[in-house]
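So that you can tell them apart, the chains are marked A, B and C in the order they are listed, and the count of residues begins at 1 in each.
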Amino acid sequence: MSSEVIRVENLSKVYSTREGDFHALDKLSFAIEEGGFVSIVGPSGCGKSTLLQLLTGLLEPTSGQVLIDGIEVRKPLPEKTGVMFQDATLLPWLTAEENVAFPLSLCGTDKKESQRRARDLLKLVGLGDFINHRPAELSGGMRQRVAIARGLVRDPRILLMDEPFAALDEQTRFKMGEELLWIWQETRKTILFITHGLTEAIYLSDTVLVMGTKPGRIIEVIPVDLPRPRTFEMISSEFFGKARNRIWKLIQEEAEA
Amino acid sequence: MRLSVLLGAQTGFFLLLAIVWESISRLELADPRLLPSFLTVLGVLGDLLTQRDFLMDLGITGLEVGVAFIIAAPLGVSIGFLLGEKLFLGQILSPMFHFMLSVPQSIFLPIFMLLLGIGFLEKVVFGVTHAIFVIIVTTTAAVRTVPRDYVTVARTFGATPRQIYLRVYLPAMLPVVMTGLRLGMIFNIIGVLLAEMDASRAGIGRRLFSWGEGFQLDLLLAGILLVSALTIIINEVMRYCEHRAARGHVA
Amino acid sequence: MSKPSLIRYAILLALIALWFLVTAMEWVKPIQLPPPAGLWAAWQADGSRFLDAFALTAAEIAVAILIAWPLGIGVGAVFGSLRAVSAVASAILGSLFAVPAIILYPLFIAWVGMGPESKVLFGVIAGFFPIALNTLSGVRQVDESYVTMARAMGASRLQVFYRVVLRLALPSVISGLRIGTALIMISVVVSEMLASFGGLGYMIAYHRTMFDTGHVYLGILMALLTVLTVNWLLSMLESHFSKWQERGADL
């Protein structure tokens, strides 16, 4: 018995559009071990977000299936998967604390308990002093931290992230990566992380899945054999450079094809 | 293309409404004295449109609405433009016009009747006061939406003030001003019709009111149909112009 | 206080002073514009009748609001969230809004009589469209990504709608309520002016035909104050609920 928490089997998604059927994903298969940190990179439009929506249960596959903890996903399972997108989509009239507690309020958790959890998580993401701030009073990076806390509030085992730091400036982005690694180590979640940043992908992950386009599929699985904790110096190591060049070349070829 | 889809759907909706109305009468679901059938009403409308005195009344209303608009539009746009440009004056007066816009003009009708008597002048002035505030306020808003950068860029290219007005301000403001004019027109029509309904001797509004009092529902509905159709057409045509003026504008 | 608003108060005072002056010097006939004391005299003579009339008008307005608000919000919310038809629904509601509701009033009198029912019905029709239109466009403009996020967090359809979509559309809904409610109030008063046996509008119209000018102006003043008060309350509500929106603008 392996400790796979995510299993994707022959997953295909066809969008029917006015111009005809569009094969966004074609027979994807992969699995992610419990506690793993896996990144997905690939050219724009290769179906990364589609894949994430299928994993969340927001979309239905055309064929194949997604299994979480061995159970087929048919609708969102917020108690098993927390989600985060490029846009923090915090509700603007709620405070940071209320935003984090929002998923709990949807399933009728006791108010005191929700509050306590939301505060703990805001402390975890370093926003202990901002619990009563509204989104408009927070910086972009802080908003993404609130979104991370919200993604964790129902204590899911999996965190699915679609380009969560893409809208941030480079320095903030790097810092958020560090923070995410720390949270990952603290909470032992399984993370699937979609990004366009190759350095980010390699730096954060155990494994990088490289996707090809038209139709969307996985073209290579690249294990990242770098020790943890990761350090800034590793980025200039030989292994790191080689891995990055390899992924870069794969994506270039795909984009030209 | 999208526009034609919308237009088609709107036409479809009104056709559906007509069919429902006709079916209600055919199925005898309503007292025909209270709701004559659609086709009956359409026939009555056809007759009305050949009657000289009815056309005269229609013409009077049209004239009142037209004159009121011809006064209100240039006046409102000029005042609005001045308020948007001359900043201090604008700061003093703009909130007052905003306030006037939020005050429903209709309530002042009896005052207009006392001050001006009942007749053409009173109705036109009443139409003007209904229309003008919305035109002023939107024009002022339009001036303020012209990006300062446009003017700066035009200046650096050595544009004269005249050129700046004609080539920069006017096109940039046009779509919003057109919206103001359209709303002004709608309010204007409301004002004139209301004035006609309340103690007047002529005009379509008077007709509608006396048909209602006399329980002549076929005539009343024919009149309602006609006025509705005319106002919808005016509104749609002006909206189309707005659309055209907005083309090439980025949000 | 800022300089422009000081000047505005000065203008207001000047107008009131002008009123005193003009009537004291009898530059206008008292039958057209009464001196301020004329209003006071009217209040002393008929104050309790004015209060009774006000009570009736207020009751009609309240009933019309109780019907028009939920109806407008409901229709707007439903059609706003049906992505496939919301553009068409908005176009249809928009063109119906252009039809002056006042032309339907004679029909309502014929259908339900001159009592409060026709006033309420007219008020509801007048207020419905802006409420529905604003709700519709507010709901339509809600960013799809909020919906996606809420669904991913396990919100049911109903929860997505109530806790996210409607709440995001709220500023727009409330501004619709503000416009719609002003229209309801004014329509009720105007309909009383046109044909009825009670209410503030009736008092105004009746005394106009009697040339009791003090009574006319007193009635108008009371109606105006009512509209302004309710308007003010609703704009407080509006700014309360759109506070986060303004601050959110500077991402």
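One rule holds in what follows: a residue touches a chain if its C-beta (ideal position, glycine included) is under 8 Å from a C-beta of that chain, and two chains touch if they have at least 3 such contacts.
Not measured: the values here are computed from a predicted model.
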item: Labels of chains that are neighbours to chain A and to chain C; value: none
item: Chain ID, smallest distance between chain and overall C-alpha centroids; value: C
item: Taking each chain's C-alpha mean as its centre, the one farthest from chain B; value: A
item: Approximate Å spacing (C-alpha centroids) for the pair chain A, chain C; value: 49
item: Averaged-CA centre spacing for the pair chain C and chain B, given as whole angstrom; value: 19
item: Distance between chain centroids, defined by C-alpha means - chain A, chain B (Å); value: 53
item: Chain C-facing residues of chain A, complex; value: 53, 56, 58, 76-79, 83, 85, 87, 89, 91-93, 102-103, 106-107, 134-137, 140, 150, 154
item: Residues of chain C that touch chain B when the two form their complex; value: 4-5, 7-8, 11, 28, 31-33, 87-88, 91-92, 94-96, 98-100, 102-107, 109-111, 182-183, 185-186, 189-190, 193-195, 204-205, 208, 213, 216-217, 220, 223-224, 227-228, 231
item: List of chain C residues in touch with chain A within their complex; value: 143, 145-146, 148-156, 159, 163-164, 167-168, 241, 244-245, 247-251
item: Contact set on chain B toward chain C in their complex; value: 2, 5-6, 9-10, 13, 34, 88, 91-92, 95-96, 102-104, 106-111, 113-115, 186, 189-190, 193-194, 197-198, 205, 208-209, 211-213, 215, 217, 220-221, 223-224, 227-228, 231-232, 234-236, 239
